[in-house]
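Have a look at this one.
Should a chain be cited, it is by its letter among A, B, C, D and E, assigned in written order, with residues numbered from 1 in that chain.
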Amino acid sequence: WSLEEAAAPYAGTTVDVVFLLRPGYEAAEAMIPEFTEKTGIEINITKLPYENALGEQVRDFVAGGDLDIALIDLVWIGNFAENEWIVPIDKFTSNPDLADPELDIDDFFPLVLNAFGGWNGTIYGLPFDNYSGLLFYNRCMLEEAGFDGPPETWDAVMNEYGPALTKDGKYAYALQSKRNETQSADSFARMLWPFGGSFLDENFRSNLMSAESQAGLKFRQNLMQYMPEGIVSYDHAETVNALAQGDVAFITEWSAFYATLKNPETSQVTDCLGIAPEPMGPAGRKPALGGFSLAVASQADEDEQAAAWLFIQWVTSKANAETYLRKGGVPARQSVYELPGIAEEFDFVPALVESWQDGVPEFRPRFAEWPEITEIVQEWGTKMMLGEVTTEEGAQEIGTRMEAVLDQAGYYSGEKPLAQ
Amino acid sequence: MAQVTLEGVNKHYGADQALFDISLDIPDGAFAVFVGPSGCGKSTLLRSIAGLEGISSGRIAIGGDDVTAVAPSDRNVAMVFQSYALYPHMSVRENMDFGMKVNGFDPQTRAARIAEAARILQLTEYLDRKPGQLSGGQRQRVAIGRAIVKQPRVFLFDEPLSNLDAKLRIQMRVELETLHRELGATMIYVTHDQVEAMTMADVIVVLNGGRIEQVGAPMELYHRPATEFVAGFIGAPSMNFLDVEPGGGAVAYRGVPLGTRALETAPARAGIRPEHVALAAPGAGLIDVTVRVKEALGGESYLYTRTEAGDEIVVRADGETEIAPGDTVGLGFPEGRLHFFARDGARVGV
Amino acid sequence: MSSRVPKRTLFSFIGPSILALALVGIGPLIYAVWTSLHFFNLTKLRQVEFIGLDNYAHVLTDPIFWDAMGRTFLLLGIALPLQIAFGLGIALLLHQPGIGFLKTLTRLALVLPMATTYAVVGLLGQVMFNIKYGVVNQLLGFVGVDPINWIGDPANAFYAVVFWDVWQWTPFVALVLLAGLTTVPPEIEEAARLETRSWWKVLRYVQLPFLLPGLVAVLILRTADTLKLFDMVFTMTRGGPGNATEFISILIQRVGFRAFDQGLASAQAVILLVITIVLSQLYIRVFYKEVR
Amino acid sequence: MSARAPGQGRGLAVQAALLCLILIFCVFPFYWMVTTSLKTQLIALQEPPAWIFSPTLGNYTEVLFEDGVGRTLINSLIIAVSTTLLAVGLGAPAAYALARFEFRGKKDLWFWFITNRMVSPIVLALPFFLIVRHLGLLDTHLVLILIYLTFNLPIVIWICTDQFRAIPYDLDEAAILEGASHWRIFRSICLPLAMPGVAVSAIFSFIFSWNELMYAIVLTRNTAKTAPAMAVSFMEGYNLPYGKIMATSTLIVVPVLIFALIASKQLVRGLTMGAVK
Amino acid sequence: MAQVTLEGVNKHYGADQALFDISLDIPDGAFAVFVGPSGCGKSTLLRSIAGLEGISSGRIAIGGDDVTAVAPSDRNVAMVFQSYALYPHMSVRENMDFGMKVNGFDPQTRAARIAEAARILQLTEYLDRKPGQLSGGQRQRVAIGRAIVKQPRVFLFDEPLSNLDAKLRIQMRVELETLHRELGATMIYVTHDQVEAMTMADVIVVLNGGRIEQVGAPMELYHRPATEFVAGFIGAPSMNFLDVEPGGGAVAYRGVPLGTRALETAPARAGIRPEHVALAAPGAGLIDVTVRVKEALGGESYLYTRTEAGDEIVVRADGETEIAPGDTVGLGFPEGRLHFFARDGARVGV
C-alpha cells in the first residue's frame, strides 16, 4: 500500500474543507502541497473564524453543499453524527484500498480520539487540532512571592497563592469568563468538574444543584476576589494578555496559547513562563478538554469521500505527527511525544500529555443540544458571576431550561439514547 | 398658422374657480396682451394655453388643432415664467441652449441663436454665469432669452419686463416688437404696465376676477371702455368717477349738469380721465375743487383735488404748473371726454 | 405639484426598482414566514412539521423576548434622541457660513464613524473601553475619574453600546439632515434671519418644515436599524455581561444560528418586522402628514 | 460668499471650537484604530495605553501579503460600487416618479419600498442561502450586489424623493415646454439639482454595502469574500490579533473615505439658488 | 433715530466687484429711492444695509450706531425681497405673524396688525392660503405685509410693486406713503418705475455699475441731472441726446445753433426731454424731422422721429394729435430746456 497508489484513481479530485485561523491549521496548510503533489488531490480550504465555523458547516450540510470534510469541535460531534452528516471511519478502514496499514488507531490518545472523533461508541473523525487546558504561570512572580512551584490544587490557589499574589494592582489568577463559549467551556465547566460536579446526572437531569456542583460554582464565585475586575468581560485574548503583560501570576488556558506566550512579540514574560497541568480539585484534575477532528462528510460523492479520507488519514498520521508538531500544530499521537528531545523542546508537552491521561470526554456534553444549552449556561453563568443571581438560583435556572431543551429533544421520552 | 382659440374654458382650484367661461380668439401673428388686477387669472390662463395647467372644461386650439389634450411639449409654445424658472445649475448659455439641444438643433444654429439673443438682451458678458449670480433683472432677461431662441409658434410672456428699469424696458419692448414682426409668431403677453399694453398690443384682453371684461384694440379700450372696470383699469392714473343723477336735461353731478346730451339709459356714474379734465381759474370751470396733493413727475404733474362734496378728482397739469397744494382751482369736463356707466358698470350711450 | 403621465413612462421610471425588490426581497421573506409556521431546527431537519402559530405563541409569551425587546427600546430611547440632537446640531453648524476648510474637514470626518466596519467598532470598543489597557479610562484618569469597568459591568456595558451607537450613527443623522437643510431656499433663511437672531427659532419655524422628511427618515431608519443592531454588540459584549446587552437581534441570532431554531427565530423576526412597520406608520402619521 | 456675514465675529470662534470638537469626537476612535494597527499585540494591550511607540507596518504586510486582504478589498470594491451604481441607477428614477408623478397607490408603494429596509438580515440569511445555493450563485459577487439592493434601494429612494420634491416644479414645467421628455428632465434638470441627496444616498449605499457582514459571511466563502468578513475572520475566538484586525479595518476605511471625498463636494449646494423668484 | 449712513462701502463677489466705494447719508425718516439699470447693485446695496450680505470694506451705521458687524436681526430693519422669500409652509397669516411671534409681541397686537396690513394690501380673503396658491402679485403683497407689521426703524423695499397692476400700484403707493408718514420710519426703496421714484422719494440715489451717479431730490434730478447718465435714466421715455459742437457763438447741432448762451466748457452733447421738444409746422422749427413711429397711449402720444442726419428724437405730442408716421414736422428746442454734457458725461453750464 502506498498513498500514491491508493490515491491514483482520485487524482484531480478537489476536496473542500473548512479550516480555522489557528496555528494548527496553518501547520496543516503548509503540509498540503506535499500531499497534493503525491496524490494529485486538491484541497480547497475555506478559512473561517471559529464563531462562524459551525453555522457555515450546518448551512452547507443542510443545503447539500460542497463540503467534503467536516471539521468537528468536540461539542459538535453529537449534532453532526445524529444528523448523519458525517461518515463513520470504518467505511474506509474496512476498505483495504484506502486504509493505510500504518493507521494505528490506538496510537491516538484514547481520551482524545473518543472525545473528539467518537460519538456513541462509533468513531467518525480523527483528532486533528488538539488542546488541553494547562496552567500557564509566571515563574518569576511566584518565586518573588516565595513559591517554588505552581499550585497543585485549587485549594492552594484559594488559600495560599491567591492572597499572596493579589496585591499592588496585580492579581493571582484570571479566569476567562466572557459571555460566549468561553463562559461555558472555560469558566463554568472548569470549576464544575474538579469539584465532582457535572452538568447532568445519569438520568440526564440537571446535576447543577448537587452539593459538588454547587461547591465548584461557589468556589469560582469566591475565587473572583483574586481575579482582575471585570473578569466577566475577559475572553482568551484578555486573559492571555494579562499573563503576558505580567499582570496576573497564572492562568488556565488552552495549550494552543503556548505560542503566543512564548513569542517575545506578544509576551513580556517569555523567560518567566512556566507550564503545568491544571490544579486538582477534590475530584481530581479534570482539565478542560477541547479540540477538533476531521471527518468525511456524507454529502460528498464516493470519489470525494475517498479522497477526503486519504487526506484525513495522511494529515493525522503517525508519520506526519512530528512535522505537524514542528510546524506549530499539536498532534494527538502518543508516539510523537515519546520521541527524544521533544519534551525538552516543547515546554508544554509534559503537562499536555499528563492532562490527556485523565479527563472527561463529556467535559461539555457533546450531544446535538449543546449549542442550545451552552447559550443558557453563558447567560446565567455570567449572571452568577456578576452577583445578579446566587449560584443556587442560577443553577436552578440553567437546570430548568436545560431540561426543557432535553425534553423537547426527546431524551426523557426514550426517543433518544442518553449519550453525551 | 398659429391662431389661438379658447372656447368656454373653466378652471377650478379645488373649490375656488380661477377662470370662468373664457372664450377668446387670438388671430395668427397677433400680439395679444392680457391685463387685469392681480389675481384675476392672467397667469392661470397663460398656463392653460401652454398646457401646464389642465383645464376643468372647455376647449383650446392652437393653429386650428384642438390641443386641449395635447402634451405641453407638443404645443410648440414658449413661455417666460413670472417666476423665471431658470435652471440653477446651468449657466446662462446652457439655460438658453437646453431647449434647442433636446430638440436636436445643430450646434451652429444653437450657438448663433444664443449669441443673437444674448446680444438683444445685453447678456453677452453674463453667458457663463449661473442664475444665482445674476441680479433680478438679469435673470428675467435670461428667461426671455430661453423663450426666443426656441422660435416657437406661440410665445407666452408672463410679466417679462417687470424687473427691468425704464430704459432697458423700452429697449426690450422694441426688441420684442421687432422679434414679433420678424418671426410672425403669435405672442401673448401679460403685463401690468400700461405703456407696454397700449404700445405693444394688437389686441388687449382685460380680465377681471377670472372673467373677460373686454377684448379690443388699445385705443378702443382707451376711448370706449365697455365697462366701468375697464375704464378704471386702462389708463394711469386711472379715470375719475363721479356719481351722477338725471338733471338739467341730461345728467348732473350734484346739481351741476354735465354736458347736454340725454342718454337712453340713465347713467349712474360719469368718468373722465385726469388728462382730459380742463383746468380753469376758480369759478371759471364747472366746479371748484381744492388741491390736496401735487405729484410732480417732471414732464407733468398730477393734482389730487377734492370737491366740496368730498369726491376726489385727479387732474393732469403741466410739469411747470404753479398751482400748489391748498389752492382752489376750477375744473371743466369737456363733453366729448365724458364716459357714462350704468349701475351695473356697463357703458351707457355712444 | 405633480402630473399624470402615461403608464409606460411611469413604469419606465419605477418598474425596475419594483421588479428588483420584488425579485430579491419577497421570496426569502415568504420563505421566512413559512419557516416561522413550522418547527424548523436546522440540526433536526427530519423533524420539520407544521405547527401553526405555536412559534408565535411561544415568542409572545417568552419573557426573554420581551426583556430583549425592552432593552432594545431602551437603547433606542436613549441613543436616538442623542443622535438626533447631536446630528441636528452638527448639520446646522455645517450649514452655517463660516470656515470652509474646517467644514470640509468635518464633513469628511463624519464619514469615518460610519465607514468603520460595525464589527470592528465592537472590537475597538473592547480595546478602548477595556478597564486595564483602555484609553478611555486613561483619559478619564487625567481628569481624576477612577477607572470604570465599562464592559465588565452590566450597567456600563449598556452605555458603552449606547456610546458606540451614538458615535457611529450621529454622522448618518447629521448628513441626512444636512441634505435636508440644502432644500431650504437661501432667501427664506435670510428673511428669517432678519427677524430673529435665535437659531432655535429659525430652526423651529423655518427650517424644521424642510427637515421633517429627513427627520422622519432618520426616525424610521434608525429604529429599523437599532432593532437590527447586531455586529457591533456581538463583537463587543456578545449580549453580556449577563444579558445587559442582549438586544433583540442578538437574541434572534442566538436562537436562529446558535441554537439553530430557525422557526422560532423567523417568528421573532416577523414579529420584529411588524413592530417596525407599525412604529414607522406611527412616525409617519405623527410627523409626516403635513409634508406628504 | 466672499465677505463674512455680519454678526458672526464671536460666532465664528464658537463655530471653530465646536467643529474641532466634532472632529475630535469622530476621529479619535479612528485614530486609535490606526495607531493600534501599527502596534504589536504587546503594545496594543499594554497598560497604560501607549501613545508613543515605535510603529510597525508588520500588521499591514501580514494582512496584505499573507492573508490576502487585498483580494477581499477588491471584492468589496466591486460589490459596493456595483450596488451603489445599481441602487442609485434604479432608485433615483423611482424617487423621481414618486416625487413628480401622480398615480394610484403611490403612498403604499413608497412605504413598501421603505419596508424592505426593515427586514432583519439575520432571518433572511438562511432563506437567501438556500435559494442562492439552489441557483448555484453561492460565493459570487452578483448575489451580494442583488441582496444589498434590498436595503440600499429604500434609502436611495427615500432621500432622493425628498430632494426631488424640494425642486421647484416650475423648472419641470419650463423644461416640459421646451420639449424635453420626462427622462430628459430627470437627467438634465432634476438629477443635477438633487445631487446633494443623491450624493448622500450614494455615500450611505456605498458604506452600507461596504460594511455589510451578515450576508457576506453567510453567502460567500472565498471568491467573493469581502473585506469586513475578512477582518472579523481574524477574531477566531481564542486569540484576537488586534493589530491585524485594525490594520484590515484601516484598509477598509480608506476607500470609503476616498469615495466620500468625491461625493461630499455635492453635499453642500443650495437647491434653488436663483432658480425662481 | 434711524438715519442710515454708509461710508466707503465696497462689495466683491469673488473677482467681480458689485459696489464701489459707496458713501451715502439717508436722514432719519427720509424716503430714499434707489434707481439704476438692472444689475447695477441696488439689491446688493439693500442687502448690505440689511446685513444679509457681508461687505468687503467700509462702514454702515443705522441711527448713529455702527452696525457693520451687527447681526441682521439686531438692526431692526424689515425687508421686502425682490424674490418675495415667503415661507412656503406657512399661510399668509403665519408669514406675517412670524416676525412678531419670534420677537415676543403679544397676540392681540399681532392679530390687530395683521388684520390692518391685510386690509391695506387687500389680502384679507387670502389669509389662510399658502404662498403656493397665490398669484404673483398676491405673493408680493404678502411680502410687503410681512415688512409692515413689523414696524421697524428702517424699511428696505426691493421692487415691491413690480408685479402689481397700475391701479393697485397707485393704491399701494399711497398706502406706503401714508405708512411712512405715520410711522416716521426711514424707507429705502428700489424701483424701476419712474413714477414711483419721482413721486415717493424725498431723495433719489442713482446707481450705475456699482457706483453712485447722483443723489438728490426728484425734481433736482429731473431738472439738473449731474451726468448724462442720470439725464438719460430719469424720465420716460428718456431724454434725447444730440452730438453738438461749438458754433454760432454758442453750441450748434450740425450747424444749427442751439440757444444763445456761451458755456465755459465746450459741451459734447446736448439733451432735451421728449416732453420739452416743441412741435411746429415743417420749416417753422429749428430743424425738420420725419415721423417714423407713433405710439398712442391715449392721453398722449410719442412720436419717434428721425433727423436728416439720421439721429432719433422722441417727441411727446397730444393724445389727439393728427400727426401720422411719414409726416414731416418741425422741432423747436426751448433754450431753458436744453442740458449740455461734456465728453466725460458731466453736466456743463448752469
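By our rule, contacts are C-beta pairs under 8 Å (C-beta built on N, C-alpha and C of every residue); 3 or more make two chains touch, one makes a residue touch a chain.
Here's who's who by UniProt: B, E = Carbohydrate ABC transporter ATP-binding protein (CUT1 family); C = Carbohydrate ABC transporter membrane protein 1 (CUT1 family); D = Carbohydrate ABC transporter membrane protein 2 (CUT1 family).
Worth saying up front: this structure is predicted, and the values here are computed from it rather than measured.
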Neighbouring chains common to chain D and chain E, by label: B, C
Contact-graph separation of chain B and chain D, given in steps at minimum: 1
Between the pairs C-D and C-E, the one where more C-beta pairs touch: C-D
Distance-maximising chain from chain B - centres being C-alpha averages: A
Centrality ranking, top chain (CA atoms only): D
Chain A-chain D separation of Cα centroids, rounded to whole Å: 40
Averaged-CA centre spacing for the pair chain C and chain A, given as whole angstrom: 38
Centre distance in Å when chain A and chain B are each reduced to the mean of their C-alpha atoms: 94
Chain B and chain E: spacing of chain centres that average the CA atoms, whole Å: 21
Multi-chain contact sites of chain C, meaning residues that touch two or more partners: 1, 42, 126, 132-133, 185, 197, 210, 257
Per-residue multi-chain contacts in chain D, two or more chains: 1, 4-5, 7-8, 45-47, 126, 130, 232, 235, 240, 242, 270-273, 276-277
Multi-chain contact residues (two or more partners), chain A: 55, 59, 62, 180, 238, 241, 245, 247
Partner chain A, residues of chain C touching it in the complex: 42-46, 126, 130-133, 149, 151-154, 157, 237-243, 246, 254, 257-261
Chain E partner contacts - residues on chain C that touch it in the complex: 1, 185, 187-188, 190-198, 201, 205-206, 209-210, 290
In the complex with chain B, residue positions of chain D that touch it: 168, 170-171, 173-181, 184, 188-189, 192-193, 270-277
Chain E to chain C touching residues, read off their complex: 47, 50-52, 71-74, 77-79, 81, 83, 85-90, 98-99, 101-103, 132, 146, 150
Interface residues, chain E side, partner chain B - complex: 13, 35-40, 42-44, 82-83, 133-138, 140-141, 158-159, 162-170, 192-195, 198-199, 218-219, 222-223, 232-238, 273-276, 295-300, 316, 319
